[in-house]
Each structure stands twice: as structure tokens, then as C-alpha cells.
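What follows is a group of structures, each given as C-alpha cells.
Both of the next two complexes hold chain A, though its partner changes from chain B to chain C.
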Partner chain A sequence: MSLLRRVEIPIAITIIFALIQVIPYFVNMGPAVEATQDKVVRWTLIVSTGALLVGLTSLLLIHVPRVTRRRTHWEYSLLLIAFMFLMTIIGLPFPELNLGLTGYWFSFFYNNVLTPLSASLYAILAFYITSAAYRAFKARSLEAALLLISGTILVLRNAPLGTFLIPQIADLGDWIFNIPNMAVNRAIMIGGGLGAMVLGIRVLLGYERGYLRGGE
Partner chain B sequence: MATAPRIWEKLETIDARIIYLILWIVILWPFIYPIGLPVSIGSYSLAYAKAIDDLPAGSIVVVSFDFSLGGLGELYPIAIATLHHLFTKPVKIVIIAIWSDGAIVADMVLKDLKPDQPPYNRKYGEDWIFLGYAPGGETAMAALGKDFWSTLPTDYYYKKHVSTYPIMQNLRSANDVTLLVSLETGTPGADEWVRQWYVPYKVPMIVGCIGVMAPTVAPYLAGGQVKGMLPGLRAAAEYELIIGRKGLGVASADALSTSHMVFVIFVILGNISYFMRRRSK
Partner chain C sequence: MSVELFGVLLGVFFTLAVYTFLYRENPYSRIAEYVFIGAATGYGIAYDLDWLKNQWVGTWSKTMEDSILFVLALLLAVLWYFRFSKRYFFLYRIPLAITVGTYIGLALRSVVFAQVIEQVRSTAALKVVGIDPWTAFNNLVTMIIVVCTLAYFTFTVRQEAAFWKPVNKFARYAMMIGFGSAYGYTVLTRMSLFIGRVQFLLGIPPNPPEAKMFFPWVALVLLGTLLGYDYYKKTKK
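Our next item is the complex of A and B:
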């Protein structure tokens, strides 16, 4: 097998760079190791910025064929491509042409197109959630009833009118939030943390190969 | 007798558009005719305000905009109120963004507040600075914790090197930061800040977040890593009342009440119709 296709090389790179990050986090390894760690962090930042280009390419690979082959809703794909390039061009740092992130045109499109669209999309959730809750939030079992009661109490606790009409709802809501909710969330966090640790060890030992295009 | 179950069945399968219309009316109505219901103030909001009030003069506070436009509805009032509170204190404010849209949202908030003008009269580069977006998510948080100058070498507005600004002379790493304020809608957010700034540097933080994030931030409040939290619009209203600057939070409180009440009524109605239909079977 060609040297470049050997799986040991990316695994070795992963192990080396992971150890450079992990060990100095717990143990003081001296200025040389810390400087290397800083350099690796900076590489990560550069790579993550470069990932934007991957995103751009990926979007084009999906949407350009949709437009050229006139697939269903190809008009939306065309709109997406057009606005992607428009925002990229007007976001270029040429302040003398009123371009750039703080320029007039970028702010204009951002404030008058993207902001209202995003806010509307988020606001629509309230309508969907109410409709969905009306249909699905039913006390079909003991567990569902408990969820229903605690959810309703917290909704009432979050509404100024709820605490105004029933002042005790504030204490009850706080109790649900601070005791059962906190306990469950801590359990999830601890479980997630342990899982991440195990995954990290598996990656370090070379057992986890999902990131190598699927692994075995 | 056959009509009774049909009523419950009809009620259970009510057209979604009727629900949308009722909700739309009850949200809009209080904006036209405000009710002015009292808003009781919770302990988390008090703790959030206290964390800012207790800052010694000259402290460096980092405010991070970790959200995109989707969170604007809930976080914009919190961002405005928090920055207003900070700009009225004799502290140094460094504004950053870990989310790409965060920088633009921060710019919108700053343009609304105008910190250089009365009543604040805070000098850019001396009392406050806006460093813009740091790409890389959690890695950027770690890099900022180690070295601000090399992670965000220029400011957002003038693209000048940060070393030319007096405010940055005393800020090299997270060790120089007295308080971190994270305004966030998700990941990266509180979890990552705790990992990258609290654990290694012990930087205390306060969090303004959307309502649905509150349960995930709560364990950090109990653990002491997060000193105060403002979850959602109600908390924004509470905070505005604490600092004595009524804004969007208070203005939206009535709509929050009516919409939540309608939600509860619909849930109760849905359950009544469900049980009545089941009983009639």
C-alpha cells in the first residue's frame, strides 16, 4: 500500500497533536512545549477559517446542479447562490467603495434582509410550538403527566401574569428548575463528560477511526 | 348523545390556523394597548446585576457576543441593558464575538447605544474597544485566554493593531480579566467558556442566554462558575427594572404574559378534549 494511503500516518498525527494539547492542560511542561501548544492552536484557527471555503464549495456543489437541471424549487437555490456572492462581494474590505463589514451596503442588506428573516423564522417557532403542544402535550401516561404539569408550571413562572396571579408559582417553578432540572442536567453533563473522555482515549489509542472516512 | 363526542373530537383537531390567529392577536394586542403587569424580580437577575455592580474601578470586563440573528429577539434587550449597565460603571470593556454573526450584532448594539456620546461619554480605545470576531469556536476561546494580542491583533472599527490602544496595555491574557459576560444561544457558549476560561484562569462569568438554554447553564450557577444568569425575555425585563432603564424587555413583558397564558389555556383545552373523548368511547 502507498505510504500516503496508510492509516497509521493520520492516526499518528492525531495522537501527537492531541497530546500536545492535552498534557500541558494538566501538567506544566515548560515554555518550549507551551510555545508548541500555542502554535498548534493558531494552526487550528487558520484551518477553521479555511473551512469556510469548504462550506462555500460544498454549497455550490449542491445548489448549482439544482439550478442547471431545473430541479424542484431551483429558484431558491438560485436566490441562495446570488445572495451568497452578493454578500461576499459587498463584504470585501474596500471602505473607499463603501464596501466591507462596516460599509453601507453590507449593513443595508444585513439589517433589512437577514435580520428580519432570521427574527421571523425564530418567531414562527412560537406558533408551531403552541399548535404542536395543543395536539401532542397530553397526559397519556404518568411520565407524560409529570412532564405536562412541570412544563406548565415553568411556563406560568416565566410569564409575569403567571407570578402575578399565583405568587406561589415562582417558588414552585424555581424548585423545579433548581432541584429536579439541575440534578438531571448534572447527570447528563457528567455522562457526556465521561463519554467524551472515553472517546478521546479511544482516539488517542487509535481505536476510533470514524474521522478517517468511516473507518472499519 | 352522539353530538358530545363529536364536539371533543372537533376541538381536538381544531385548525392550526385558528391557533395561529389567536396567538397572533394576543401577542400584538399588548404592544398596542400595554397592560403594565408587574414583573417580580428573581434571584438570578439580581445576582447578574450584582456581579457588575461589585466590579472594582478599572476592572477589565470582556463581553462576548456568542449568538447569531436568530437569538436577537431574546438577547438584544439583554445585550443593550448589559452594555448600558457596564458603560455607566468605571470599568474597561472589551467586546468580542465567538460567533461570526456576533460581531455584526455587537456592532448593531453599539450603534444603538453610542458609548462615545452622552450619557456615557466613554472614549474608544481607552475605556472600551471592539475587537470583532475570533474564528475557531472553543479553540478561539482557548487562544484568547492565552494571548489576546495575537488572537485578535486588530480592532473591528479602525483595523489598527491592538497594541496602539491604551486599554489593551493591561490586557494580554485571561488572567487580566475580572469578569466575562457571555451573551449566547448555544455552542460554543457557557460550557466552553467554563472549560477554557474558568478552569485554567478562574475568570468568573455571567451569562445572558435564550430561555431554552437556562437548564443547561443552571448547573454552573450552583457550581459557582457562573455568578448570574439572564435567561430570556422575562429575565431581560427583570434586569431592566433592576438597573432602572426600561427597554424592549419591559415592553415585551405583557406580550410574554398573554402568549404564555394562551399556551397554557390551549394545553389545558387539548387535555380536556382528549380525556372527554376517551371517556365517551
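Our next item is the complex of A and C:
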């Protein structure tokens, strides 16, 4: 048992599974190896589906005690649990019982509960980022002024009123978005890519162990 | 009231319940938040189970070897649950290691080409001579910004020499312009989502026209109860 507890075992598994993906990509090993590689990816996806059920368990571990012990806001926790089970049950893949993703009730709750809620929650951020910008975007320095100006130009460029009042703003907005914005994003992408490569190599060499932390 | 009408009423209620948060945090906004988390988790699980079933039917049930691999994968998926056990936590590390290993391998494949080589190649391939002056200017600006921004984030050398100062300053200015434009774009994206919700409340096609009928009444009920509750609390004090 103590051998199984050793952290070297998961590190070895990580390295093996990473190399299965990396080596055949850079070295031509024939179609049979490539097919195995694809199969391993699909097999890993099946293994990783268990993680979502862990999410369900985590939520239950937080909200069930809240309901049973009648803690503050327990009524909302009950609602959360009810909707979680409702969506899970009506989404079970049994089309012969009118259940599943294409079933009537699943579509009903998806269209009338989940879609309005997710769209409204994402849209409400418009108010918060606007109010945050009002507080943060003050031209105290040249950098802040540039941030404010380019932000304002892009807002005006994308709002119909902006291009109606100042037609030239469309070209300027497009130029800012396609040239400086694209160039900055490209540099950040290269930097992020280099960082991801280094992280990958560190994991392959067994130096990066943060993801294995926890337990006794 | 038909089921379809009730569905529209639910949509109107949840949309307005989210927006009551702009007034302050209240029971309606909390109902919306908790229902969203519950429904989204349930949707994720249902989607997951459906995908698993399709995998089994379409791919893994064809041969005995594949069936054994599928069952093995499911058994390994169960090991995720040892996340909650301190004693058997080491078992949780096995599916985690498989997932992390595969995704690190996939990332190393895609990142090297898509995020590094392709980006460097497209920047290096930009022409500044033999083309029209405006394109040449744009290409030059792109190249300078990419190089300066990359130099700004280079921490392996101490940036003490005199030439680093203007390079870093220019990179900062370029990044501010880039971040500002990204911000402007994000605001408008969120605004267009908000316009979509308003169109739903007003029953503008392709949204169901019945929403227009429910909108004022639901809004009145929510507003009335919220203000009434606040007034009650104030007078009680």
C-alpha cells in the first residue's frame, strides 16, 4: 500500500500519457500509432467525465448540510439541489422515456430557465464593467489616457450612434483593433505559448508537482 | 395557462430576477443565482452522460477489447471520488495524472505550432518594402509592437541599459491601446447580449410575443415587493 502512495507513480503516469501524445506527433511512426494516439485521447475523455460528477458531489457536500441544519439561505440551497437533480434526471439518455437532451422537458427547462439565466447573467456584466471603467479610466498618465481613448474609440466604433455621428471613427476603430491590438495579442500569445511549453516540459521532467498536492 | 406560456413566464421572471441585482442583492436575484448554478450543473451532467452513452454505442461496444477499455476507463473515472478521502487521496491522483498527462501532451503539440512558430512566422513574413506605403507602415508598426512587447516581458536579462527605457515605454503604450480596444469590444459584446434580453422582454421576433404581455406585470410584482419589503424593514426599525 505504501508503494502505491508514492507520488512517483502518478508522475510516471503523467509522463507516459504526455509522451504518447508528443512523440508520434514529432516523429513519424505510421498510421497505426496515430490511431492509437487518437484512441488514447478519447479514452482519457471518458476518464475525465468522472470529474464533473465530483463537481456534483462537491455541491452536494456544501448545500445538503446547509439544508439539513437550516443554516442561513438554506431555502436557496434546496432550490439549487432541486434544479440540479431535475436537469440531471430529465436529461438522462433514455429517449424511449422522452428523457435526454432532445426530450421535451429538457428542452423546456433549457430554453426557459438556463438560457434566460445565462444570457442575463453574462449581460449584467455590461453594467459592472461600465461602472468599473467610470471609476478606473481616469487620464492620470499617458498610459491611462491611451487606454481610455482606445476604449472609447472602440465603443463608439461598435455602437451604431458612434459611426452615425462620426463616420471616420469606423476606420480608426478598425485600425486600432486590427493593428496595435492584434500585434499586442500576438506578442502575448507568443509569451503565453513559451510559458505553456516550459510548464509542459517541467511536468514531463517531473519538476512540476503542484497538481498532485493534497491528502495525508 | 399552457405549458409554453408558463415557459415564457419563467423566462421573463428569471431575466428580471437577475436584473433586480442592479438595485441591490435581494431574494429574487439569489433565486436566479442558485437556480442557475443548479440547472447548469445538471445540464453538464446530463450532457456528460449523453456523450458517454454515444461513445459506448458508437465506438467502444464494437469489440471485446474496446469494451474492456471502456469499463476500465469508467472504473478509473470512479477514482476521482477519492478527492474527498484524506486516506485514499493517492487513488484520486491516478485519473488526474492521466488527464493532466494527455492534455499536457496535446498542449505541447498545439502550442508549439499555433502559438509560437505560426505567430513568429507570420510576424517575420510581414513585408515593409515593395508594397503600398500604408500596408508597409502597418506591417512596420505590427513588427515593432510585437518585438517591444516581447522584450518588455523578458525577465532573463536585467533591463538596465539605456535603450530598454524607450522600448519598455513604447511597449506599455502599445499594450494600453491594445487593452483599451479589447475592453471596448468586450463592453459592446455584453451590451449586445443585454439588447438581446431586452428584445426578449419586448417580445420582438424571433422571441415569443407573449413575453411582452408578461413583462410589465412581472416587473411590477418584483419592483413592488422589493420596495414594499424595504419600506417594511425601514418602518420596523
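As a working rule, the second predicted complex is superposed on the first by the 205 of 216 C-alpha atoms of A that agree within 3 Å, B and C clash if a C-alpha of one lies under 4 Å from a C-alpha of the other, contacts with A are read in each partner's own complex, and residues count from 1 in each chain.
Keep in mind that, in the parts below, contacts are C-beta pairs under 8 Å (C-beta built on N, C-alpha and C of every residue); 3 or more make two chains touch, one makes a residue touch a chain.
Given the structure is predicted, the values throughout are model-derived calculations rather than measurements.
Trainee: Could you say whether A:33 touches chain B, chain C, both of them, or neither, answering first, second, both or neither?
Mentor: neither
Trainee: Which chain makes contact with more of the residues of chain A, chain B or else chain C?
Mentor: C
Trainee: Once the structures are superposed on A, label A:189 by its partner contacts, choosing first (chain B), second (chain C), both or neither.
Mentor: The answer is both, since A:189 touches chain B and chain C.
Trainee: In the overlaid three-chain picture, which partner chain does A:148 touch, first (chain B) or second (chain C), both, or neither?
Mentor: After superposing on A, A:148 lies in contact with both chain B and chain C.
Trainee: Tell me the contact category for A:67 with respect to chain B and chain C: first, second, both or neither.
Mentor: Neither partner.
Trainee: Considering only the touch criterion stated at the top, classify A:49 as touching first (chain B), second (chain C), both, or neither.
Mentor: both
Trainee: In the superposed arrangement, which partner chain does A:172 touch: chain B (first), chain C (second), both, or neither?
Mentor: Touch partners of A:172: none, neither chain B nor chain C.
Trainee: Kindly classify A:158 by the partners it touches after superposition: chain B alone (first), chain C alone (second), both, or neither?
Mentor: Both partners, chain B and chain C.
Trainee: Using the superposition on chain A described above, determine whether A:134 touches chain B (first), chain C (second), both, or neither.
Mentor: In the superposition, A:134 touches chain B alone.
Trainee: For A:110, using the defined touch cut-off, is the partner it touches chain B, chain C, both, or neither? Pick first, second, both or neither.
Mentor: In the superposed model, A:110 contacts both chain B and chain C.
Trainee: Residues on chain A in contact with chain B in one complex and with chain C in the other?
Mentor: 25, 41-42, 44-45, 48-49, 93, 101, 110-111, 114-115, 118-119, 121-123, 126-127, 129-130, 133, 148, 152, 155, 158-159, 177, 181-182, 185-186, 189.
Trainee: Over in the complex, which chain A residues touch chain B? Could you list them?
Mentor: Of all residues in chain A, those touching chain B are 25, 38, 41-42, 44-45, 48-49, 93, 101-102, 110-111, 114-115, 118-119, 121-123, 126-127, 129-131, 133-135, 137-139, 148, 152, 155-156, 158-164, 167, 170, 174, 177-178, 181-182, 185-186, 189.
Trainee: Inside the complex, what are the residues of chain C that reach chain A?
Mentor: For chain C paired with chain A, touching residues are 3, 7-8, 10-12, 14-15, 18-19, 21-22, 30-55, 59-60, 69-70, 73-74, 76-81, 83-84, 86-87, 89-90, 92-109, 111-112, 114-116, 119-120, 122-123, 138, 141-143, 145-147, 149-150, 153, 172-188, 190-191, 193-194, 196-197, 200.
Trainee: Could you list, by residue number, the parts of chain B that touch chain A in their complex?
Mentor: On the chain B side, the touching residues are 12, 14, 16, 19-20, 23-24, 27, 37-40, 42-43, 68-73, 103-104, 107-108, 134-137, 139-140, 142-143, 146-147, 150-151, 156-157, 159, 200, 211, 214-216, 218-219, 222, 232, 234, 237, 253-254, 256-264, 266-271, 274-275.
Trainee: Which residues, counting only chain A, touch chain C once they are in their complex?
Mentor: Contacts found on chain A: 4-5, 7, 9-11, 13-22, 25, 40-57, 59, 61, 73, 76-77, 79-88, 90-93, 100-101, 106, 108-127, 129-130, 133, 142-144, 146-155, 157-159, 173, 175-177, 179-194, 196-197, 199-201, 203-204, 211-212, 214-216.
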